[in-house]
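Once you've had a glance at the structure underneath, I'll fire off some questions.
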Amino acid sequence: MTVADLSAVAALLVLTIGACLVVVVDLVARPRATLLAWLGAVIGIAAAATAALVGSGAPGFGGGIVRDPATVFFTVLIGTVTAAALLVSPGALRRDALPAGEYVSLLLFSAAGGTLMVASGDLLVLFLGLELLSLPLYVLTAMLRAKEHGDEGALKYFLLGAAASAVLLYGIALLYAATGTLRLEAIGRATADPLYLAGLALLLGGLAFKAALVPFHAWAPDAYESAPTPVTAQMAVVAKVAAFVAILRLVAATGRAPLARVDWQVALAVLAAATLVVATFSALGQRSVKRLLAYSSIAHAGYLAIGAAATGATAGPAVAFYLAVYAALTFGAFAVLSQLSSDDPTVADLAGLWRRRPLLVVALAVFLFGLTGLPPTAGFLAKVYVFEAALRAQLLWLVVLGVLASVVSAAYYLRVLFACLAQGDGGTEPTPRARVATGVIVLTAALIVLVSFVPQPLLDAAALVRF
Amino acid sequence: MDWLAQLGAERAIFAVAGAICVVSAANAVLRRDPLTSALSLTLTLFSLAILYLGLGAPFLAGVQVAVYAGAIMVLLVFVIMLLGTEHRFPLPVTRPRLGLVAALVSAALFGVLAIAIGRGQLPTNVATTTEATDHVGAVADLLFTRYLLPFEITSVLLLAALIGAVSLARRRSSEREWPERR
Amino acid sequence: MAGAALMPTTAYLLLGAFLFALGAYGVVVRTNALAMLVAVELMLNAVNLTFVAAARQFGELDGQVIAFFVIAVAAAEVGVGLAIVIDVARRRGTVDVDEATDLRG
Amino acid sequence: MTLALVPLLPLAGAMFIALAGGRIGRKTTGTIGTLAITLAFGAALSMVVSVAEHPRLAARLGAWLPVPGADLSLVLEGAGLGLVLMVTGVSALIGLYSIGYLPAGPGAQRYFAALDLFVAAMLLVILADNLVLLFAGWELVGLCSYLLIGHERERPAAAVAAQKAFVVNRVGDAAFLVGIFIFAATARTVNIGDLRVASIEHLRPDTVTPFLIASALLLVGALAKSAQLPLHVWLPDAMEGPTPVSALIHAATMVTAGVVLLIRLREVLAPEVLFAASVAGAATALFAALVAVGQRDLKRVLAWSTISQVGLMFVAAGLGAVFAALFHLLAHAFFKATLFLGAGAVIHATDGEQDLTKLGGLGRRLPLTAATVAVGALGLAAIPPASGFFSKEAIAVAALDQPLLLGAVLVTSLLSAFYAARLYTLVFLAPARAMPAIHRTPLSMAAPLVLVATAALAFGGLVGAHVLPLGLGRESEAPAWLLAASIILGLGGATGGWLTYRRGASAAGAVERIAARAAGGFGVDRLYQAALVEPFGRIARGVDRGVEAANERAIDGFAGLLVRGGGLVQRLQAGSVRGYEALLLTGAVILLAFWSLR
Amino acid sequence: MNLPLLLGDIRATDLVVVPLIAALACALLPLRGLARAIAVLSGVLGIALSLALAAGAAPAGGLRGEEQIAWAPALGISYHVGADGFGVALLALGSLLFSVGAVSSGSARGRGYFALWCALQAAVSGVFVAQDLLLFFVFWEAMLLPLALLLWQWGGEDRRSATLRFVLYTMAGSALLLAGILALGIGAATFDIVTLRAHRLGAATQTGLAVLFLAAFVVKLPLFPFHAWLARAYVAAPLPVALVLSGIVAKTAAYGIIRLCLGLFPLGMETLAPGLVALAAIGTLYAALLATRQDDTRRLIAYSSLSHLNLIGLGIFAGSAAGAQGALVASVSHGLIVAVLFLLAGMLATRTGGWDLGRSGGLAGSAPVLAACFTLAVVATIGVPGTSGFAGEFLVLAATYARYPAAAALATLVVIVAAVYGLGLLRRAFTGVPGGAVPDLGPRERALVLPLLALILVLGIAPRVVSDLVPGGNAPVHAADLR
């Protein structure tokens, strides 16, 4: 173990040790759920801070962990979102009598898996990171026992996840059989023969599962709906960030292969198109807000795939910027939902929210506008960025499709917003006001507004993300 | 090592173990009764362990038998016996079209994979360190040097899985009794 | 010359592919969650066979070590998976996945 | 700048009355309205001397539209001054007359504002130096006629008639507009003076067709405004307006606008089109005269006679006989104003009775009216010494070379005489019927009546035969046989009319029955109703219920398609995890096949 | 605090900033009673600012009050604003309509209403001053939200489906606009409109991009047959919203076509012109025909408005400077006329208790001033000379005739159909036997309507006030490119 190795896993260490610490504290002191959540949040922030402070540098573990600006960027993102998700959790923890210790530590473990995935320079590390990300999420999805269908989502998520990781793993195995190595950069140097390509294809399939790209997306709506809402928020962000970073690393590595004629562009473009169409259409008819947002998050995987399909030098910054904005927006939207009395409200249930919690509705409006991609919100800039990247790659048809999909998406986003403005009492008597949670939500909204008008700092940071 | 002997032995191992493997795997997948499935799979695991032996991986063969067949499958069988009685007898087949889809998809999967494997140019067999003097030692060496990080991560993973499984199991006592079978 | 004498690696890979496809078939046709788990295990073992065969092809031990990790992960997965399946069984009295189709659309 | 004052004074009067609101009384309003027109008349009179020195006076008020030539500028040339004097003079008298005629009520403000605007607009038609400004006056004349015909708002019939008048006029206006566009596009100017220069070029092969089409379109505009065939249908209905309005529209202003247009643009319009105007005029003259014979409504007789007389003006204008056209225009203005004002007096006296068959024997009870109407009827019948005789004679002379046209003119003369006599006989000479109280004719009505009648009588010999030719040059002298024929026809027609109707309409027997056939205007109105108005409604309904509804359904359908597509896609998410697994594996196989099978 | 009037240095950006501040003030300050006053003030300030901009001579570049600030340089977006002749005229019109609409909104509406109202004003002004394509798009889309919310929250019976239809339809168009903007901006490596105007593309590229850009504009205008949202939205919208929707929001599309499509893709527009001109001509007539069938005053105004908007489109598509100039005059004129019509229709409806024309009748007797004002408004609508309606209509048709005679001739028929629906409206509302006495226009109502009517007349006599802001001439816009 060298200093480089240690710095490479510093954030990971903070998260895993923190997770263990939470379990211990829970067992020993049995503190209130809120305290545990705050402790978890501190750990998440600490991980983000660690990553930021350590910064980029030489890879660790012989290339197994990459420590480039992308790692830093996304580790900070994952840590922050996890912390934020924990900060909005206390209400749900109390209301649904969730086991706080396990809840917090599993979320931290899952985040640790995410940081591992974004940093992996080796397919084995990638796989292990993916499992570390997924296993806690299976459990967290099953955690909401009071809910009628809580178990169903978890069961589906698990069975599909297991099969998907088998697919991914088989892809790794074929790549190993074709090249004799699992290091990304070494794989990138290898010759692309059918076996190699078969391996890459299966690997992409496995990652597309995590990213929830159609047709690997079917788990997402059910799992999102079943999971406690703050978990959904974290899951929707961290899994997607990790999967897309992995895809981009893969694309970048194999794209440089001398003989590799890997047609990433077409594959990703087709995935993106299928995702946009299916997710957008599916979201239209949803009654459950959570499920609607789940499809929205799938649709955004489609937009991200548009950026990834650009595959050039601009893909990295564009996707990074999009991911950051998407993270804030999606987290924010789910976080608002987590503040309602019902864990799984229907759209009609939102009626009257404007009168009772105007601040939440304003924040929700910001998030929904952003998700729609309405200018001048940051969501618009993010879309412009990925579309721009795709256009540079001559993918006009895909951009047109994407823009059209965002139009249709306005229909369901606005439906949610308008429902909040409607008169009546839709049975969403909000939980007793959680000041911290509200604060986090408002802060997120404020950040989005800030980025909308002063996007340059985030754009600069994203510009560093090159794979 | 006698090449010819080894050639014969390996071929024989592949033929026999491979055949057992295919048959038992098919049995595991096709039989309706989950217990039969699990037991057939255990047989597959054993036959794979034998194949590993033929491939010069005695340590892994041991792990396969001890951990996979011994621990994982036993756990599975135990749970099946705990829960799975109701599926002993044939059930009406639900969603018959899915069966067709499954057959087509898996056939296509195998077909494409076979073509890819057949057309793939495997690197020519490099110098074979057939008999490491200390096989287990060599594996351990790798585990704690080159694969230190994955090793540690695996331990974290197991810890996380443990916490998760416990958290799901722990709350069982406080909740309602098992419901009647529907 | 020596390599040609051995059983060709391709044969192992094909066996692995067959097992994987079989597992894939099982994952779709089985309605019992535990049997689906069995099928997934079959897929993982196909992976392991591929790793080990490839390792021999390259004359190195890495593939075997990776297979070792795969087994460990499989153990973790099965642990979590069984916990979830038991949970489902306790709630519904059945582990038939076709009876857990309330979430849809 | 006196020239600019001519149209601006009535315009200012209109604006003042409109803005003053109901704050001033009916008498004051009427006085101001009439005064404004009278001042314009005075201004025009003051220019007589300068016109004698400068045959062409111009005044530019400013720029208007960013189109070459489309400025706010006026020009006075040729017979313009005569027309201006006639319009302002007759209108001032009608204004004066209206003060007495109008019932008490709040409508006076509207009435006089529209009246003044009407005069201003008509002056614009005479004085505008470019087609666009002329068109502005042209349209405003139509607008004012709409306002005045529909003056009595409680009467639905008046509202319908007003709308009909405007819409029919707009048919012509649309054609007029396109004509302007063609001139603007081909000659790159709309200034009438410049267009005359440009029209010399219109013999070039590439411009002859546009000029021809533009001329034809302008003619359509003229036909509509002057109520000539086939766009005459609005005028008989326009009788729904108050009688002074009828006098204004028929006698002095609106209907003659078409003739004015033809005269002003005679050098610009294509010769073929001018001849077509003559033919249309002749046909109209004959047709309308026939219809007039059968009318039972006092004012409708006059209306159809107007159509007929304007047709004669078209004959002359189309043949290039400017003098004849103008002469008849002015003569007609006076005798028709006399007739209308007289009719108004009759209607006023009998509390609104307009049916010829119910009137009768008023000659003794309304001697002044009877005398003045007699003057007007003489004009209409073209019996010397009435002005109508001389003017019609001039038209006949102009048509000497065209036997068919000449025949039409002569037959029209005969018919005109007949129905003029019929009208006069039935109202004043036929046996009296039981009449309710007869109202006295107030001075403000009687004075204009007498003035106009005097003018009508004097105009023919004095002004028409001697003053007017100074500016225009008389075409040629009438041959003796024509003079004789005219006199015989006029006297014969009149005598026939008197003989037939002297015992009342019921006694007229066969003649009246035959005439009644023609009274319907030969079904043109019904034809239009069936061939144009109803199809228009049907098309509109069809478009509304068909195309528009389909268009709205289309986007609803598109939204429905989205929803249905959503339903289709949602079937992917059928609920069973096995299906999801199959989906996942299918995706993997496709990716595999896509990449490794090439 | 921004005091441009005092400082004497007017920037185009002030026209966006002032209503934005007003919107924030309405939204955040607890001044319930003052919200309307703030909204009116914002409109009046807008009038003053745009008139001041118009009064100043146009600088060399043709943009008044120009300003450029970096926004997201990485994406090539900057905050570049400035107003050309079209922009200045429409800004003045827009501010006027917004202040009139705010006055007519009734003070009972809440702060939220007026906040959205001012936000809409800011967005509309933004469209007219944006000189960066993406900034243009930002403002373009920003218009949609306040509009949709105003419709959704304060609309009439059918507001829900009308809103969704409107939003989706217009957004579908904007989607293609965005794709076009991105394609153009990336191809040319800049989004700056001024720079792009000097950047000439191949004819085929121009055509493709023009189609993408037009997709947004023809829906918003709306050009026949893309108008299916219009009638329902007008009927469902609160009256002031319908007023600005038709009066000025539709003009953003006209402006967009002139500034972007004609400005950036003259050759492409020339290729597309025959089809577009035909659609506009048909649409002009078609909408007028439909107007003759309407019994609801608002629907009648809606279709009459549609007819005029298609006429405006006709002038623009004709592809000459004169056509665009005519379209500008027609736009300003239509804005004023439709405002008056909507205001009067509202006053009529409050007196008869409904929008159905069948329920009124004979009102002229008891409400002569209302009848007179209505008559004048209708006269302007149907384009009688002396009113601004004629000036706009004539200029558009004359310019169109110079290039597309058949279409112009067809569209000219509208003068007949317009007379049918216009006079039919007057006849049904005001003539006949009065059903009962209604109060005539009060002083406040007169104060709102009469100045607008006066403006319509002034503009009818002196249309050059507007038309001289932009160049004229019958030469095709694309001719410069052919050389």
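To keep things simple, chains are lettered A, B, C, D and E as they appear, and every chain counts its residues starting from 1.
Just so it is clear, contacts are C-beta pairs under 8 Å (C-beta built on N, C-alpha and C of every residue); 3 or more make two chains touch, one makes a residue touch a chain.
This structure is a prediction, so every number in the text was calculated from the model and none was measured.
The minimum number of touch steps linking chain C to chain E comes to 2.
In summary, the chains found to touch both chain A and chain E are D. When C-beta pairs in contact are tallied for each pair of chains, B-C comes out on top. Centrality by C-alpha centroid: the chain sitting nearest the overall protein C-alpha mean is E.
At the far end from chain E, in terms of centres built from Cα atoms, lies B.
Among the remaining chains, the Cα-based centre furthest from that of chain A is the centre of D. Centre-to-centre, using mean CA coordinates, chain C is 96 Å away from chain D. With centres defined as mean CA coordinates, chain E is found 71 Å away from chain B.
Chain A and chain B, compared by their mean Cα positions, are separated by 31 Å. One finds 101 Å separating the Cα centroids of chain B and chain D. Contacts with at least two other chains are made by residues 570, 573, 576-579, 581-582, 585-586, 588, 592, 596-597 of chain D. For chain B, the set of residues that touch two or more other chains comprises 94-95, 98, 101-102, 105-106, 109, 112-113, 115-117, 119, 122-123, 146-147, 150, 154, 157, 160-161, 164-165, 168, 175. Residue numbers of chain C whose C-beta contacts span two or more other chains: 9, 13, 20, 23-24, 27-31, 36-37, 53, 57-58, 60, 62, 69, 73, 76-77, 80, 83-85, 87, 91-92, 97-98, 100-105.
Listed by label, the pairs of touching chains are A-B, A-C, A-D, A-E, B-C, B-D, C-D, D-E.
Contacts from chain E toward chain A in the complex involve residues 70-75, 77, 134, 137-142, 144-145, 148-149, 152-153, 160, 164, 167-168, 171-172, 174-176, 178-179, 182-183, 185-186.
Note for the complex: chain C touches chain D at residues 24, 27-31, 36, 97-98, 100-105. Taken in their complex, chain D has these residues touching chain E: 18, 21-22, 62-67, 72, 106, 110, 132, 135-137, 139-140, 143, 146-147, 150, 153-156, 158-160, 162-163, 166-167, 170-171, 173-174, 177-178, 180-182, 184-185, 536-537, 539-541, 543-544, 547-548, 551-552, 554-556, 559.
Residues 124, 127-128, 131, 135, 138-139, 142, 148-149, 151-156, 158-159, 162-163, 165-167, 169-170, 172-174, 176-177, 180, 182, 221-222, 225-226, 282, 285-286, 291 of chain A are the ones touching chain C in the complex. Interface of chain D with chain C (complex): residues 570, 573-578, 581-582, 585.
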